[in-house]
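Once you scroll down, you'll see the structures, which are given as structure tokens.
One chain, subunit A, appears in both complexes that follow, with subunit B as partner in the first and subunit C in the second.
Up next, the complex of A and B:
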């Protein structure tokens, strides 16, 4: 009997040591746009896989890619494609990088619920956000001054909107810069003449999403997940994960999870645009 | 008795409880103390760390083995080979760089340490204005803002050495001076434009020797297309400077018709009946005086294209330079000190084309480079190095204009051209292996071809330019970077 108990105790000890040594951990760092999605995906994955530990931090797409180059992160999350210079640095460091699109993000242009305007062309949006158009009557609305809300300059969302909607022109000096998306939604919902831009998931019922035209008013497209998925909604961007081929075995199960039906459902639930 | 024992027991229990509570409270107070003192220490450490993080130390070492075809040959693949030497180990570069970076300023010192000794490469300060952050001022010793190859660091450059023309025209790459840099901020739609303009001594990292300062300007445009798959770069450079003339004569190549001369009366007369055939030689302009400026002027164009596709990242890069270079009879290299003799002004041109193919996601890459440098575009082949016996005795140089009318006639020396006027082309090919972010191995072979002239033959392989010299070089390089 004693021998049996002793053997069982030894086996249990060995098993726990073995299990402990099989624990998988890795780090994700980068885009603040992708951060909430990565956190939720990681939480669910860790629930499904108790031997895995994933830490997720933000800092920006550029910070994540630099960390991947310096070896201080395992996955770089990014709301933009890796630049050729960054790719060259990876090559010069002997690092083979894998790129995976994990989801998409669409930006919705929002106005106050009391605003009569329901659609705008890209040119009109450019005029409004650069300050050239300052009254709603110039774009078919009532005689009311336009109040522009934007994210801060350090935000990837700010950069994306500036590059794709404003053609890299500067925002109006009168634009009010907000540190977070939620603050924009709240301000626009409370200010009749306000306009702003937020991720699709944040455009709730307290604000109105505008239809947007990129063909000078021929067709206007609604901001919704379906139109973002079929690429008819123009203000859409892919979200990336970058990791080294050398650790593919470690991180690929997690990446595959995000690309699976369960992972993509989390994408949809959190207001991002799933790949399928 | 029982009651007394019970009471005693109660008393003892109460005392024990009191003591343990006191100990617990005391422990809590003691436990609180480390936290109180830890926070200011932590703050101090964070503050010190934020200062230290601004100091960046980096460097690299390039150790290599080289083999040249023939002992004692001159070479631009890392320096000449000494007499009786056809192979060597060397530390080509050993760099140590200290950079201190604030938000809007940067201070850099970089040393080069090899078996040849210790030298300074960079020592500069750079400041960016806080309003638009588009303008920066650099002062000290730093890379001349000309072309592409100078500023492309030796630790990332795919070929072991820069092209011959850059080694001749910009020895050491650096100069002492100041420059203004303009580049719109990162979020501007014009961020792809960069403009540098500066004034320099023109003597490299050496002490200034004359009153003439050199101006260098460089404009580049770099943009990516096709979602970061294609990158295009274009640039133009201009160098306007000069060297102080130290003698009466400055030579330049000209087509001259020479005549035998004879003295007659008070002057020198030419015997037009015995005109020599036109020849190309250095003719001296003696109208200047010591202290005058002899022009040093370069123009440069550069282009680069990088494409990321299935085979890997492909890069094609090229530059073309031309202009006027003051030198000596035996060398067209830029001066790093005051010249000691007559100056020779040469029109030059040079170019290179560099092709790099990274093999997919592997650490391997192949590189091909063709570079050409003609230090004297006004003369070629057997025109080079006419022996002095072929010049007439006591020549009077008569210079004619386009209509054939004699415009000048004076007794003045002419000089032969020579080794400094020979054109070279180099075809190089190599393979790189990037072990990791610190280690790179390179195998590279330079095939050097020189312009030939039947006029430079003295029986020695080293001095025989009647055929291509045997001076190809194989380089095996190990680089460690941190």
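Up next, the complex of A and C:
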């Protein structure tokens, strides 16, 4: 009897070791903006390919890229391009990195439904978010104080908005920093003089999305997926995957899946902007 | 047998001793960790990591503070004569400008030509202010490295601007955060203490047994609700209500935070003070009533003085919860780091700041240390509260 149990155990161990070696597994880490998308893509991919296991975690773009450098993740998901100093570090440690744009994300500038203003230029947005413009009448609205809502400083969305809309200037100290995108939508919908920014998918019917102009007021563009896809809407950013070229064979099928029609359909249903 | 019993006794004793020692050591260790990480802020430069600021060697400016750097990069100050230099406009030069100015070929596949390009640009432009790491500069660098003053005590405690991720130099002024925390907590105490005390008196002395049996579990239920739920309730119900009632431009205010915290502290205050009030011996109460005192006189003159220390303990625990509470406050106070002048303004509290920022602050960096230093301030605030209460108690015993 004892012998029987022993041999079964040995067989089981051998079997599990064998099946383990057949299994492909890798990790994705980084941006919280890309996180929900990566999770859905990974779930669908694992459903199609049962021998692959993918674990996805967040932590921020910077965290993901430094994990790629230290070798604790296989793919770094990032909502911004790798900075020149990060690339420098990669070069210094002798690692070659591949960059893939997997989808795009657009930010809507939102105001209260009762606000008469429906379009702003980039310069006006900069003035409002840095605190130089503090009343709606200065930008064609009624005589009403402007309440600025922003994400917390730790958010990648905050950094993106600061870089691309505020020209790297600092937000006004009086800006209200909210812990989540949903909280911004909620607050803007119930505060008359409010303005905020959220991912395109989050701007629902309870708030109004503004048209934005990046050419000093010549053309104002609506924030929607079509305009973001053909690049006419200016507050759009690509979402990246970074991985080491040495493990390309392992991760390539997954990346190809995201870029396929099925993968891009998931991008669209999640409210991100598909590439095609 | 006797030996065995003795051995058991000895073991129990040492287990008890060990667990109390472990607890003490753990507490001391945490306090040590907090202080060692937090105090490091005063030995750190507000410029992140290995970055340095460089200027042309003919530039007479010898030092810039974090605030001055922020003003320059914000575009508020654009000329060197505002910092004691020559009348010459400031040209900002960072890796982003390098990327715009030179093509990938010019910099080389592995950026091997970058240091010399940077060096020659700085040498050619006397008004340049560069922001690079040491690796970006050649070994025979022609310019001047500008020292950045460390974060000073004065800047940290009296600074009015909290820009923890502002590049290149962050600003760590904690005054708005400290005042915001005190503002919200004091408001919460002012609301919660009288209500809590009255409710506990009612439940212990006036309500009949049947009513008490319904009330008590209901109030204790309040303590079991997760703070995020309170926060969301505050954001959706309380914030618009405050905005409409006081006709404010924005409803996320210190008052909203105080009310939510007061509701959250109520179960603690009520339960503990009620228990304290109920410990008043029946003989004392009966003696008072027998002397002809009314029920009200008995409550004020006999019951309240007798249960004073318990009520004080209840309020400390309530205050403790109010000062340290994070999530609910994070959602309803607006978190704007401005110095509050009234309860009807947005404020940013210390716990909310730590919770919102610690996740993305690089381990061991300046921002990380600044958040731990905020933790020290919070620790000192609660410590002061506790000491005050201990003093009050000691005074009572003397009497």
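In the analysis below, the second predicted complex is superposed on the first by the 256 of 276 C-alpha atoms of A that agree within 3 Å, B and C clash if a C-alpha of one lies under 4 Å from a C-alpha of the other, contacts with A are read in each partner's own complex, and residues count from 1 in each chain.
Operating definition for what follows: a contact is a pair of C-beta atoms (placed from the backbone, for glycine too) under 8 Å apart; a residue touches a chain by one contact, two chains touch by 3 or more.
Predicted model, so just to flag it, every value in this text is computed and none were measured.
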After aligning the two structures on subunit A, examine subunit B and subunit C and state clash or fit.
clash
Just checking: does A:83 make contact with subunit B only, subunit C only, both, or neither of them? Give me first, second, both or neither.
both
Of the two partner chains, subunit B (first) and subunit C (second), which one does A:95 touch, if any: first, second, both, or neither?
first
First, second, both or neither for A:131, with subunit B first and subunit C second
neither
Please tell me which partner, subunit B or subunit C, touches more residues of subunit A.
C
Output check: A:187 vs subunit B and subunit C. Expected answer is one of first, second, both, neither. What do you get?
second
State whether A:176 touches subunit B only (first), subunit C only (second), both chains, or neither.
second
Please indicate which partner A:36 is in contact with in the superposed arrangement: first for subunit B, second for subunit C, both, or neither.
neither
Looking at A:141, would you say it contacts subunit B, subunit C, both, or neither? Reply first, second, both or neither.
neither
Is A:245 contacted by the first partner subunit B, the second partner subunit C, both or neither?
first
Among 37-45, 271-279, 307-315 or 361-369, subunit C is struck only by the subunit B stretch 307-315
Both subunit B and subunit C touch subunit A at residues 83-85, 87-88, 91-92, 153, 159, 167-170
Touching subunit A in the complex: which residues of subunit C?
70, 73-75, 95-96, 98-99, 110-111, 133, 135-136, 161-167, 176, 235-236, 239-240, 243, 249-252, 330-331, 334-338, 346, 348, 356-357, 359-362
Touching subunit A in the complex: which residues of subunit B?
156, 187-189, 224, 227-229, 231, 306, 308, 312-313, 358, 361-363, 365, 434-437, 439-440
Which part of subunit A faces subunit B closely enough to touch in the complex?
69, 71, 81-85, 87-88, 91-97, 153, 159, 162, 167-170, 245
With touch defined as at the start, can you tell me which subunit A residues reach subunit C in the complex?
59-60, 62-63, 83-85, 87-88, 91-92, 130, 144-145, 147, 152-155, 159, 167-170, 173-179, 183, 186-187, 190-194
